[in-house]
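This is the structure I want to talk about, given as C-alpha cells.
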Amino acid sequence: MSFASVIKLFLPKDRVFYGLFEEVTLTLKEMGETFVIATKETDIDKKEALLKKLETLEHKNDTTTHKIFIELGRNFITPFDREDIHYLATSLDDIADYIWGAAKRIKNYQLHEVGDTVLTEFGDIIVKSIHALHSSVHELRSMKNLRAITDACVLINSLENDGDDLLDKSMLELFNSQLSAVEIIKKKDLYQMLETVTDKCEDAANAIESIIIKYA
Amino acid sequence: MSFASVIKLFLPKDRVFYGLFEEVTLTLKEMGETFVIATKETDIDKKEALLKKLETLEHKNDTTTHKIFIELGRNFITPFDREDIHYLATSLDDIADYIWGAAKRIKNYQLHEVGDTVLTEFGDIIVKSIHALHSSVHELRSMKNLRAITDACVLINSLENDGDDLLDKSMLELFNSQLSAVEIIKKKDLYQMLETVTDKCEDAANAIESIIIKYA
Amino acid sequence: MSFASVIKLFLPKDRVFYGLFEEVTLTLKEMGETFVIATKETDIDKKEALLKKLETLEHKNDTTTHKIFIELGRNFITPFDREDIHYLATSLDDIADYIWGAAKRIKNYQLHEVGDTVLTEFGDIIVKSIHALHSSVHELRSMKNLRAITDACVLINSLENDGDDLLDKSMLELFNSQLSAVEIIKKKDLYQMLETVTDKCEDAANAIESIIIKYA
C-alpha cells in the first residue's frame, strides 16, 4: 500500500480540518476586504468602526485556529500531514494577526489620512492572495483539481513578489518625502507589517503545495 | 497499544529532557528577576553588573539548551515528541536570547535612566510568564495535574496579550513624547525586543500544550 | 536494525538532495563573494551591475530550492530526515533572500558610498560562514569526516556571535554619529538584514548538526 493510499484512508478525519480551514479563510477574506474598505473610508468614525471590526474578526479566527490545534492533538494521522496542517494553520493565523496589527497601527499611530494609496495597494494584493488561499483550501476537500491548487499557489508567490516591490517603492518614496523621521518610522512599520501579510500568505501556499505533492 | 501508551514506555528517557527543561526554566526565572531588579537600580555600576549577570546566565542557558539538542539527536522516541521538544527548547532558548538582547540594548543605547516604568512593566509580565512556564515544565514530569498545566498556558497567553497592549500604549506615548527621532528608534527597538520575549513565552506554552494534548 | 541503518538504506535517494544542496551552497558562495566585492567597488555603474548580479543569483537559487522541495514531497524517507532537509533548505534559501535584500537596500536607500567598512566586515563574516556551510554539505555525501562537519558548525556559530558583536558595535557608532535620523533608519535596516544572514547561516548549521547526530 502506497504512502498516498495510507493517507487517503484517513481522509474522513481530515475533513474536520478542511472544514475548519475553510472557516479560517472565509474570516480572512472578510478581514482583507474590510481592511481595503477602511483604507478608503474618509469618515473617521466609520473608519475606526471598520478597524474595530478587524479586531473582532481576529478574535473569531483565534478561536477557529485553536480548534484546529485541538483536533491536531487528538487525531493521530501522519507526521507529514501533521506538520503541514500545523504549518498551514500557523501561517493562516499569522495572516489574521498581521492584518489586525496593521489596523491597530493605523489607529494608534494616527495614520488615518485617506490618500495613502500604498495601504490600499497592499490591501488589494492581500485580498487577491486570500481569495487564492480560500479556493485552494476548498479544493483540498476533493483533491480533484490539483492544477487549480497549483495555479493558485503560483499566483500567491507572484503576489508576494508584488508585495516586495510595493514595499521597496513605497520606502523609496518615504525616504525621499518631506515627512519627519518620526512619521517615516511609523509608516515604515505599517508598510512592513502589510508586506509581512503577503509573506504569510506565501507560507500558507507553501504548506498547501507540500500537502498536494504528497497526495499526487 | 495506543499511541499514548507507546509514548509512556519511553517516559524514563523523557525524564532526561524534563530535568534539562527545569534547569532551563530555573535559569530563565533568574534572568527575568535580574532584569526587573536592573530596571529599578539607580546606581549605574550596580545596574551594569546586573546586565552583565544576564550575559552569564544567557551563556549558561546556551549550554543547557545544547545538551537538550544532543539528547534529542540521540534518543529516538517519536516524531511528535521530538517536534514538540525541539520547539519547546528553541522557544525557551529564544526567551533567554531576547532578555539578554534587551539588556544589551539598555547598555549599548545608554538607556540607563531609571523611571522608564515601561521596562519594569515588561519585566513583570515576563517574570509571571516564566514562573508559569517553570511550574508547567515541572508538572510535565508526573503528568498528574494536567489542569494546572492548561491553566498556566492560558495565563501565559493572556500575559502575551498584556505585552501587546503594553507595547501599543508605550509606542503611543513614545510618538507623542518630545523625544528625538533617534531616541524613539532606540526605545522602540528595546520595547519590541521585550514584547518578543512574551511572544516566545507563548510559543513555549503552545509547545507544552501540544505535548499534553497527546498524553491526555 | 537500528534507526541509523534504516536511514542508510535510503542514502542513494538522499544523494539527489545533497547534489542539490551543493548547488545551493555554490550559488551562496558566489553571492557572498559578489557582495563583498560590491561593498568595495568605487565605480557606481560597476557597483550597480554587481548588485544586479545578486538578483540573478537569488533567482537561480530559488529554482534549485524549489527542486529540493519537489524532491522532498516525492521521496518518502523518514520524518526526521524530512524535517532536517526542509529546515536546511529553508535556511539556505533565507541566506540568499537576505543577501539580496541587503543588496537591494544599498541601491534603494542610495547607500552606495564606499568607506562603510561595516558592510565589508559583515560580508567577510558571511563569506566565511558560507564556505563552512559548503564544505559541510559536501561532507554529508560521504559521512566519512563527521569531525570536519562538527568543526564547521562550531565555526559558523562563532561567526554568528561575531555578527552580533559587529551589529552592536556599528549601531553604537551609528547612534553616536552625526547622521540624520533618516540615515540612521536606513543603515540600521541594512545592518540588521546582514546580521540576519549570519543568523540564517547558524540555522543551516543547526540543521546539519541535527542530520549528523542521527547518522553518528
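The letters A, B and C name the chains in turn, as written, and every chain counts its residues from 1.
Everything that follows uses one rule, which is that a residue touches a chain if its C-beta (ideal position, glycine included) is under 8 Å from a C-beta of that chain, and two chains touch if they have at least 3 such contacts.
Fair warning: this is a prediction, and the values are worked out from it, not measured in the lab.
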Practice task
Could you work out how far subunit A has to rotate to sit on subunit B, using CA atoms and steps of 5 degrees?
Solution key: 120
Exercise for the section: Examine where the copies subunit B and subunit C touch and state whether the two sides share over half of their residue numbers (same) or under half (different). Expected result: different
Practice task
Determine the centre-to-centre distance between subunit B and subunit C, using the mean Cα coordinates as centres, and give it in whole Å.
Solution key: 27
Handout entry: Numbers and ranges of subunit B residues touching at least 2 other chains
Key = 79, 83, 181, 185
Fill in the blank from the handout: Listed in rising order, subunit C residues that touch subunit B in their complex are 3, 79-80, 83, 168, 171-172, 175, 181, 184-185, 188, 206, 209-210, 213-214, 216
Fill in the blank from the handout: The residues of subunit C that touch subunit A in their complex are 69-70, 73-74, 76, 79, 82-83, 104, 108-109, 180-182, 185-186
